[in-house]
Amino acid sequence: MSAREYASMNAQLDWTRAKVIAAGVDIGAVSSKAVILLDGQPYAVSHVTTGTPKESAFKAINAVLAKTQLELENIQYIVGTGCGRTQVPFARETISEIACGAAGAVHIWGPSVRTVLDAGGQSCKVIHCTEKGRATAFLWNDKCAAGIGRSMEAFADLVKKDVAEIGDIALQSEQFPKLSDFCAVYAQSEALDLIRSKEAPERVIAAYHYAMARRISTLVARSGMKKDFVIIGGLAKNPGITNWVENILKVNRLAPKSEWDPALTAALGAALFADAFYKGQQTSVGFASLGRRHM
Amino acid sequence: MMNKGSDTIIERFRSITANTHEYARSLQGKGQMLAGYMCTHVPEEILYAAGIIPVRILSSHVSQGMTRSYMHETYCSFSHDCAYQGLQHNYDYVDLIVTSSSCIHMGEAFNVWVRFAGFQQKNFLIPYPHIIETKPAHGFMVESFGEFKQFVEKFAKKSITDDDIERAIKVYNHTRRLLKRLWGFLRRDNPPITGPEVAAVTLACQVMDKQECNQMLEQLIQTLEAEPHKAPSGVRLMVTGGACDDLGVFDLIEHLNYSASLIFVDSCTAARYFWFEVPEDRPDKLEAIAEGYIGKIPCPAKDNVPGTGEKKRFRFVQQFIEDFKPEGVVFLYQRFCSPQPMDVVALKPILHNLGIPSVELELDTTIPITQFGTQLEALIEIIKGVHLE
Amino acid sequence: MNNGKHLAGLDAGHVNTKAVIMRGQEILGHSTVPTGFDVVGAAEAALNQALDNAGVSRGELAGIVATGIFRDMINVPPLNVNSTLPDYAADAKGALFLNKNSRTVIDIGGNIHKAVRYDQNGDLLDVIQNDKCADGLGIFYTTMAKALGVSEHELSELALQSTRKVSVAILCAVSAESEAIDLMCQGVNIADVADAIVRFMVERVAAMCTTLSLAQEIVVTGGLAKSKALIKHLPGLLKQDVSVSSLPEYAGAIGAVISYEGGK
Amino acid sequence: MAYTVKTWNEFKNYQSTRYKDYLHAPEGLRCMGSTWSPLAPLKGLGEDILMIGGEPHAASKAGTFPEESREDITAAEIAGLGFHSCSYLKLFVGEVVRDKIGITDGTIKEGFPKPDLIWTTHLCSQHSKWYQEVSRRMGGIPMYAIDMIGGGNAEKDPKIVKYVCDQIEDGIHWLERVTGRDFSDELFIKAVRNEIKVLVLWGNICALNMHAPAPLDERRLIALFPPAVVDRTTDESVRLYEALLEEVKHMVDTGQSVAPDQRFRIVYFGIAHTYGHPEMARILRDVGAEIVASVYTFGTCGNFRGIVNGKWSWEPLDPAWVDELDLSTRRDAILALAKIVLGWPTWQGVRSYWALEQMARAMVAEYKADGLLLAPSRSCETDFRNGYIAMQRIFKDEIPTVEYDTDQVDVRKMDLPGAQRKTELFVRLMEAHKKGVQNK
């Protein structure tokens, strides 16, 4: 999964004209993202590497602010999500990455989405949702299937390849040995052992990707696959993983949208919630039913 | 809300669970013999009748690797942690260690104590049926408990009379009734006590002298009857699964970003510990105890009705759902536990039909607060139907 | 032993390939190269760098001995390896060379760790290797340093500054990583997280070691021996003193040299 | 010159035939369950009993169809079974989920034939839950599980024997109720004698491996014990093992072996896996190291003296004793059956670590072992994992000992790289030990 950092903005929009300026910040285990909406329209995004969550929250929001003339206080409502969401000092509310992932995915791909695979750096979740983007059920990876995203980076280092290209290399081989698809450590250990049996590098890389894809696919199938299917999170950018997941599950995901980095989906969802929260607050309806505990 | 009479009693219970060694030693100071036990299928009444206080062996939740060279890594963290307590000699003060044959993992922990922690000469394994819903099982239990009784008599150098046992039965039944009443509070919409508090009290009872425990429980229940109700409760969550003596999990449920209430815990460290009674005033005491223990909510490792293969525990779970009205269910079980997942897979369709969403949390030595928190909050968001516009 | 001759030892490991150049008892040069897929290329590179570092030309080399998990793979031209020996044998010989009084070596490598007990000649008496779930500790260490945004050295330094004991699940690198990240997300001090990471690793190593009867003196080798924070915990867990050899990651390569022509 | 066992094919066919019958027989009573159970009671129901056993079927499926088995296990996990549950169980449930079954003759049948009843045992925490799940998925097959308690020396503990006898007796009434058939004591008693006979014969065959060279190796033992596991109640199974015993005796008399090069004699604790991983068997064979005794092949369906005045003995029982057994009444037969089944070595270590340790100690001594190989199976809760790590601790200083992870049928959990490394270590340790002993 790519840890490359970037930020961008939509020059067509002018924030000084916006009624509602809302933002979502997603502090993931490997990377942190921020999305700013102007009256619900995507305005600016950022994608940075996570250090400690608090730093990363500022890193992400500052990166996106730097692209615009916005100041933090110009943003009327910020929602935090992701595993570090409680560490976002400037977030008014937090919403789980499950709800945000579903909301973001439906916003990007439309109401036909029913199953969202969020393949992140530390955990994989499968989310089921309605046409309105409401999460109805989810499955979190079991403990032995944790860390697949990050393991891709470690593996890339081991075989001295760039993590951004490794997924393409994985697709160069049709035939390859089967590795343990139970856990990243086993697979890694067996992959290193393949080197001893003089396997070609691209076959070993393919084998590792296939094993991880199979592990992920088992989770998706276990949760029950309903179409349409989309993949979000950092691993959504690894063709080695996504192709094999589609292949194993015998389903085609909705193609990624050129305008949206799938890794930003949960941040977008958080921003959409921020927008809704702000409006709800103005009209004093909507989310009272949430029964939040403010301590 | 602060300084209510109940809070001080609850604090006392909590401090006992937090300092079990200190508490147990204080009993020993009063000349009490102590028996550590590792499974709720140990007929405590027999020990108690001999004047021995049964103290449940609990884990410490401090991660450690040293047990990996005594027990295979595919045994659950609870069994590893309990084994570690022995290897660390944290329980050297107990006079003996007892368990009943049940879950394989805890059996391994017991073996580590016996072989490597100095309990070779002071231990007893009670052969206990693994399918308890049969007539032969009853007969076997009576004989097995009889042998256990003889062992205890020899060990304590004291003969156990029927009256001793009857007294013990009554004391223990009383504890069970009081605990049932305490959990009963959680059926209300805004109970005077929280789920985590009830769970803490229940855990304390498992290491306490039941007489003292009963007095405290009576006080607690009286004050609670008299007390104003606590703040309106949030989403009602029920926990079902395996051994969990880490109260942090239950506290977590009530310290989420949303207000949620823990309203029931079906596990051998909570409801399954006390949700039964031993028939009183029977001529044959051991038969009475056997009958009582057969009436327990079965441990998933022992749950198989011959002839149908039915899981009796499911009847209880469904009854609890009816009585305590959870809006969501949390499957909480030890990673590597083998029987629990076999029940989860069969329970899920039942919950689905009842329209109750659920989440699975795998327990390890330590609690990943953020990950568990996220899953619990996501569950609540699903129950609440959180969505845009 | 092999008095005047220039000899090279190659230790081709899962993660790194190490080379040393020696003459007699004297270590003239050494070098480490990531192994990757091109095991032979890595060995070549390591050897040449070590030669440069020693100021010795390839032609002056009287012989090369190979060890490590990939030893057989590098036993090919152009390396003209004279002989190979198993990694645990090389660890024993190397550890004994680095510490004459040592009788046990604990080697903590990139993918596997092991403990070897040997006699005064460095001959094998008993050995144990890690369990499956404890694979990849060294790789894990690197990964976690990256995750915390620090160097491996800094990770160790951080851990030494820890003031509060927090824990991560002990089973394997996957769980430990997942829970370390969880601690970060809870806002736990990064030094305490680093300490938890290191404690997880050393506990796994120590647990394995206690299965063996460890004979004094005990030497720790392998790349992770350089982590002060990790070594700090070892004596307490083993209830025995341990020392870290000089050039710990080269013990295997040195052992290879020592065993040249049967160590005559 | 390696000897080739003559009766080999008959053994293979025996297993295939049983499975083919279960799959294809137009009539008959289909019974499912662990064949690690007393089987004779089923035979009291008539002469048309078709059986499919859990463990042996799962094991042979994995041997015959490795790739399919991988899919079965995954299918079970997708269906929601635990990632750490028994892999025999998962493979079996996976076949039910996928509704197709593959057997040892190399054929796969679409549609897993429903059993009429499930007759099984409960030993480890998931043993009978296996069939609870199968029953649930097949729409509620009636099932009866016998609690085997476990514990060393169980067959000599009157209360355990009585408990098991009572359960079998109740079970027989249940069988009559659920099938509506009358139970024939005559057929039952005949089956009991056969069952006991086969178990004793197998024990005698294994015990011949005490000789040097050991006539059989682990691979052949694995190939030769299925009939005893699959259905040991038939006259044919008795005939097979009587013939085999004679053949192996002859091998011993003539000093022959299926693997004559036996520089190192290994005692093995764990479920067989080397046959599934020839690369490891090779490491051993190349240096003339052979497994000559293993609790799995010996003790799963074989009986021995067991604990005699406090010490375990792997000496076999006298086959003639079986013929003299008084089985005149149903209760006599139940009693004899309960005792023999409770005496199975592979059950002794379940909930009694000391029995496991004693068995290992006795096996090392009686089979003059050079090394002890411990291979816990990651998903097994009985004698193939329990206590192994502790055993390594205890035995390491006494005899070259290594331990590595395997799994009975889940290749994803088998630690192949580690196992290969450790097998190499094992060989070096045994060599070093031999040298040390010679030097002394």
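Observations on the structure shown:
All chains are identified by letter, namely A, B, C and D, in their written order; residue positions are counted from 1 within each chain.
One rule holds in what follows: contacts are C-beta pairs under 8 Å (C-beta built on N, C-alpha and C of every residue); 3 or more make two chains touch, one makes a residue touch a chain.
Here the structure is a predicted model, which is why all the values come from computation and not from measurement.
The chain with its C-alpha centre at the largest distance from the centre of chain B is C.
Of the two chain pairs considered here, A-C and C-D, the higher C-beta contact count falls to A-C. Averaging C-alpha coordinates per chain places the centre of chain A 37 Å away from that of chain C. Rounded to whole angstrom units, the spacing between the C-alpha centres of chain C and chain D is 42. Between chain A and chain D the centroid-to-centroid distance comes to 48 Å (mean Cα coordinates, whole Å). Between the Cα centres of chain B and chain C there is a gap of 46 Å.
For chain A, the set of residues touching two or more other chains reads 83-84, 86, 123, 142-144, 186, 189, 192.
Contact with two or more other chains is made by residues 68-69, 335, 364, 370-371 of chain B.
Counting partners per residue, chain C has 69, 131-133, 135, 169, 172, 175, 178, 182, 185-186, 211 as the residues that reach two or more other chains.
Within the complex formed with chain A, the chain D residues making contact are 70, 74, 77-80, 83, 410-413, 415-418.
Only residues 392-393, 396-397, 402, 404-405, 415, 418, 421-422, 424-425, 428-429, 432, 436 of chain D touch chain C when the two sit together in their complex. Taken together, the chain A residues at the contact with chain B in this complex read 83-84, 86, 94-99, 103, 123, 130, 132-138, 140, 142-143, 272-273, 276, 286-287, 289-293, 295. Those residues of chain A that touch chain D in the shared complex are 142, 144, 178, 180-182, 186, 189-190, 192-193, 214, 218, 221-222.
On the chain C side of its complex with chain A, the touching residues are 14-15, 34-37, 39, 69-70, 72-73, 111, 132-133, 135-136, 139, 142-143, 146-149, 169, 172-175, 177-178, 181-182, 184-187, 190.
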